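The following pair of complexes shares a single chain, subunit A, combined with subunit B in the former and subunit C in the latter.
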Partner chain A sequence: MSEWLESAITRAQNLDDWLAPKRAHALELLAQTKWPTRKTEAWRYTPLRPVERTQAGVVSHDVDLSPEAITGLTAIELVFVNGKFDAAQSTKELPAGLLVSLGRNLDATQQAAALNAFSAIKPERHLFGLVNDALAEDVMIVSVAQGVEIAQPIRISSLLSQGAESHTRVQVSLADGARLTVIEDIQSQGDTLSTAFVEYDIAANAYLEHYRFALQTGSNVAIGGSHFNLSDKSKMHSSIVGFGSDLSRLDTDIIHGGEFADAKLNAIYLLDGKELFDLHATVEHAMPNGTTEENVRCIVADRARAVFNGRIHIHRDAQKTLAALNNRNLLMSDKAEINTKPELEIYADDVRCAHGATVAEIDKQALYYLQTRGVSRSKAQVMLNFGFINELIDLMPNAALAEWVRPIIRERFAQMEVK
Partner chain B sequence: MTEQIDKALAREYEAGFVSDVESETFLPGLDEDVIRRISGMKNEPEWMLEWRLSAFREWLEMEEPDWAHVDYPKIDFQSISYYSAPKSMKDKPKSLDEVDPELLRTYEKLGIPLIEQQMLAGIAVDAVFDSVSVVTTFRDKLEEAGVIFCPISEAIQKYPELVKKYLGSVVPKKDNYFAALNCAVFTDGSFVYIPKGTRCPMELSTYFRINEQNTGQFERTLIIADEGSHVSYLEGCTAPQRDENQLHAAVVELVALDDAEIKYSTVQNWYPGDEDGKGGIFNFVTKRGICHTNAKISWTQVETGSSVTWKYPSCILKGDNSVGEFYSVALTRGRQQADTGTKMIHLGKNTRSTIISKGISAGKSNNSYRGLVRMNPGAKGARNFTQCDSLLIGDQCGAHTFPYIESRNPSAIIEHEATTSKVSDEQMFLCRQRGLDPEKAVSMIVNGFCKEVFKELPMEFAVEAGKLLEISLEGSVG
Partner chain C sequence: MSNTNSLLTIKDLYASVEDKQIIKGLNLDIKPGEVHAIMGPNGAGKSTLGYVLSGRDGYSVDGGSVALAGQDLLEMETEDRARAGLFLAFQYPVEIPGVSNLEFLKASVDAQREARGEEAITSAEFLKEAKIACKQVDLPVSFLKRGVNEGFSGGEKKRNELMQMLLLKPKLCILDETDSGLDIDALQVVAEGVNSQRSADRSFIVVTHYQRLLDYIKPDFVHVLSDGKIVKSGDASLAHELEAQGYAWLQKAPAEDELEG
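Right after this comes the complex of A and B.
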């Protein structure tokens, strides 16, 4: 066990609040968990040295940080600074049918329900998910009432200052027929460590549009999870954009807990320098007639490393499932590395499942040709290969978000060098 | 139709019988003394014994792997007997006429009459009955070409330099748990050496049989193709029915030197256990080949037997421009579990590999493809193409795919595709409309599904494989 984890456990033991039973359970599980090594399948390609060596710790939340504005987007802002909920920067006027409250401020009935739902979707196997269970203090509860459509997206910003350690947790629930958009956005400065987990419970006929941006780079450790439970005829559409860091790890779990549910997940990541990004995407088809479509595209330059594990598990009863996973990777340098593992585990016969994975490089000849015609290298690169990721940006349902993130991604890509 | 299915379900393992050959068998148990005795029985030189003992000591330190998608009761290595030889071996038969007729009858029941095969197929057969090679044919013709094809125990005596140089060079002693065990206790197997620039004049073949109750079978095969040579090797096996699980932990090492080519084909039909999964062989095999410059190794396998299969024939593409291929059909039914696939390790420039894997699951079985494609930094311009298709027959079985793809060279191109589907109602309807009964229809569809792999098999093997698949599928259609 690492020193960091030991100190985290000690800190968690001092917490006593409404989540006490859940924290105790998480600590119990943590005590039995071995610290991952190269032989631990879930961390095979992602060494935890940056966590072991982290200088981050609990620091004051009284710092001057505020979320970057997104042009053309008015969102309901939920702001966390160094792990603490910042009410001053968060939206106070909420539309009808939307409940946003810290767990500790809920009334007894609501709190009992929230306690019940806590970690009901997030699988127990996530080591840092357990750490988050034990350490997240300002647990935020978001719920949309039956049949209500919330027009404005909710943006959850987690801001970290130099040296900060933060554990944020949000529990989102959509009642029957509700519609909601949630944006998870993590912004950090310098050497930080964060765990950020969100659980989404999507009831029958409800629709969730989900975005997750981790556009910070540099020497931070960012570990997170987005976990979705789908009910009968519910839908979700998730778009993930990640730039790497010392260690960036995201676990997504999509559980088809009802029939005729539909899930789409598109992920883009661009890595440069010595960055690492690890995406573990799991889909559990527990019920029949579900559909899932996943597209994961990744560009890796310099000495960066990309890890992808895409698992589709079709349970015995999940007949008539359609599931497809497509993973495409571009390597830009001799020192870059891609480790990908698209897994299928299928126990039902009347299903159609496919996955594809490719790894290739940027066409240097085409790049050279354009350069001889006077096009700058970075421009030529964007002309030739930006389409590779642009296709997925085009699939983002929210135009304002797509137009905000497109130039950021393009700029990043233009700066990545072919070596 | 229900009647048909019931009838088919009641079908028993056709190769399941025990022949009465008196055997000399060690008492169950494993310690250094047993290894010394095995080595002593074989009159092995000191270095060989030392090699075995050091492997055994490594093995004691190792842990049984648990990452495969299989589930089986813990193996008690002390309850296994590590040596058994047909008694008639003591008189050392010089020709087929001297071979124990009971042995010959055993092969006949399996449909491999040696004499007929010699004449018709022109195949040299090094038949392994339990642990000792009983008869080797066509030796003269091969000797004329300079090809060495003999039991490995004989090669240790006659060609110690070759064995010393290459044994354990592809699969090191402590490579994995079962390989280490094999190094310590292997009793026999085949040794092949093809001299420089030689094209082996015939296809080489070994039939394996497990016959003695409680006998673990530990084969060791070493094939060396010297520069510019070519050889095609066939391995086929079947085992009689019994109640206790049997362990089979073979090691196969292939060495393809510059410009050489080795084609290794397997039809595996060990006893799969009864309907409840009782009995059946545990098949934990390590197969690996190394390709030097411009060399090629091609693995083709048809796996229908064993209750538990754990097998990953692999290629280390060390030399520039070398080629690795893996073609596999794995069929599981009843309660069979198979975790099989390949590893393609690209080290050299412009190395190429192709993986075609077809998994068919029926009954209550689980069939997994597990593969690794690794492009090392030196693998400039390397290419891999992988296709894994799974077919499910029935709603109680499982089909799984675990491909690991690791790329550390930007100029390497990797493509991976996998699909899972069932025999569709439309396909069945079309076939039945044309007068085919359901079993024939499924058999035809499955044969089509596996065609890409079957065409890689040598002619006579392809026929056998097709028939085997058809027989194995009987009783799975509903």
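Right after this comes the complex of A and C.
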């Protein structure tokens, strides 16, 4: 076991609060877990050295950090600074039908329910999910009442100053027919380590619009997960944008726990330098008549490495499932690396599934078309590469977020080009 | 056949695709302002000609020469041919999701202006021009925001090609089977657009299988392309003749040649 994990366990053992039973369970599991090596399938291409040698630690949260304003976006702000909830920067006036509270401030009944829901959706196999179970000092509870549509998106910002370590945990529940948008955003300054896990319980006929921006770069270690449970006739639309860092790892799990649920997941990542980004996306079709559409696109430049593991598991009873997974990757240098592994496991006989992964160069026909209009080959390549990513930005339902992130990506893209 | 005031001079052109020779000794001379129709059966090499002239990868020239306004076209990169005034309207325009039509049009116009040493046009000015062009080709302005040709119908794609032509103001336009897949209304819109662009210093090669398009775009010359070369040339009436006869007579022609030879 690594020294880092040992010290994390020691720290967790000193915590005592309403989460104690869950923490004890996580610690028990952690004690039985081997520290991943290159032979551990889930971490095969993602070495954990940056975790072992991290200098990040618990630092004061009394620092001057605030979430970036996004033009055209008025959000309900939930701000964490160096892992601690910052009530002063967070929105106090909440619309009717929306509950936002730290678990410790809930009444006994609510707290019991929250404890029950803790790690009910996030699978136990995620090592750092267990670390987060053990080290999270509280859980932010967000819940939308039956039939209520919350017009303003909720933005959960986790801000980290130089050298900070943070373990944030959020539980979101949408009651029957509720509608909500949640934006998860991590912004870190350097040499940080964060685990950030969010669980979403989406009840019947509810709709969740979800964004996760993992735009940390450089010497940040950012590990996290977004985990969703879909009930009957519920829907979710998730957009993930990631840049790479020394170690960026994201696990998503979408569980079709009800019939006729619909999930869309679009993920893009752009890596440069020696960065690494690892996305493990799992979809469990446990019930019939579900649909899933996943698009994952990645551009890797220089000596960066991308990892994608996309698993779709269609259980025996999940008849009439429609699932499609498409992963397309562009390599911009000889030394860039992509490890992609789509996995389809089907145990039902009446389903339609498609999956594919390509590592490719540019679309030659499109390149020729642009050149016939006078656009130079090099400029056309840049346009097409950006278009490859922009196609998924165009699919973001929230226009303000698309308009905000597009120039950020364009700028990063321009930097990738000059190398 | 070559002439100093010709816009395009193709001499004894041979070209192949994947080692298969498609163009076999083609000659053509076009003066500024002329409209030439090239007709012929499927497989004659009609589309190949456009691809060879525009310099598409995989199309190799095995012999002959092509000059556009006195410049050696075959020596140039595809983008430089466009900047020299060549425009190919595609039979099947390419869809490019993620690249907006406006961005694409602006990049094209910018590149060509830059090549001519002209100042860059501002985004606001360009948007104004693009909106006017939209109106001219009867496309809603919202099409500027959409991905290039993404989800456009056949007719919309052809009108989008026409819009590019309006904005780029080329010297020589090759319309590759522009009529394919168009209903009569869409055909009229496209033909009117083309006719509005006819001028003393702009020439057209209208490649088509059917005579129908030539009812709307009246050619000065009609050429019959068969097995990689022009086997017959004439005025607009030749198109009607072909419409009545079909192309079957071409099959016999080589055999007669052989007998004579």
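Just so it is clear, the second predicted complex is superposed on the first by the 395 of 419 C-alpha atoms of A that agree within 3 Å, B and C clash if a C-alpha of one lies under 4 Å from a C-alpha of the other, contacts with A are read in each partner's own complex, and residues count from 1 in each chain.
Just so we're on the same page, a residue touches a chain if its C-beta (ideal position, glycine included) is under 8 Å from a C-beta of that chain, and two chains touch if they have at least 3 such contacts.
None of the values given here were measured: they were computed from a predicted structure.
Of the two partner chains placed by superposition, A:R406 touches none, neither subunit B nor subunit C.
Using the contact criterion defined above for the overlaid structures, shared-chain residue A:R328 touches neither subunit B nor subunit C, since it reaches no partner. In the superposed pair of complexes, A:K379 makes contact with subunit C only, with no contact to subunit B. Residue contacts after overlaying the shared chain place A:Q319 against subunit B, while subunit C stays out of touching range. After overlaying the two complexes on the shared chain, residue contacts for A:N339 are found with subunit B alone; subunit C is out of touch. Once the two complexes are laid over each other on the shared chain, residue contacts for A:E41 go to subunit B alone; subunit C is not touched. Judged by the touch definition given at the top, the superposed model places A:H355 against subunit B, while subunit C stays out of reach.
More residues of subunit A are touched by B (comparison of subunit B with subunit C).
In the superposition on the C-alpha atoms of chain A, no part of subunit A is touched by subunit B in one complex and by subunit C in the other. Put simply, subunit C touches subunit A in their complex at residues 54-57, 77-79, 81-83, 87-88, 90, 93-94, 96-99, 103-104, 107-108, 111-112, 115, 147, 164, 168.
Every residue of subunit B that touches subunit A in the complex is listed here, in rising order: 67, 69, 375, 377, 390, 392-422. Residues 363-366, 368-377, 379-380, 383-384, 386-392, 394 of subunit A are the ones touching subunit C in the complex. Those residues of subunit A lying in contact with subunit B across their complex are 41, 45, 316, 319, 329, 331-362.
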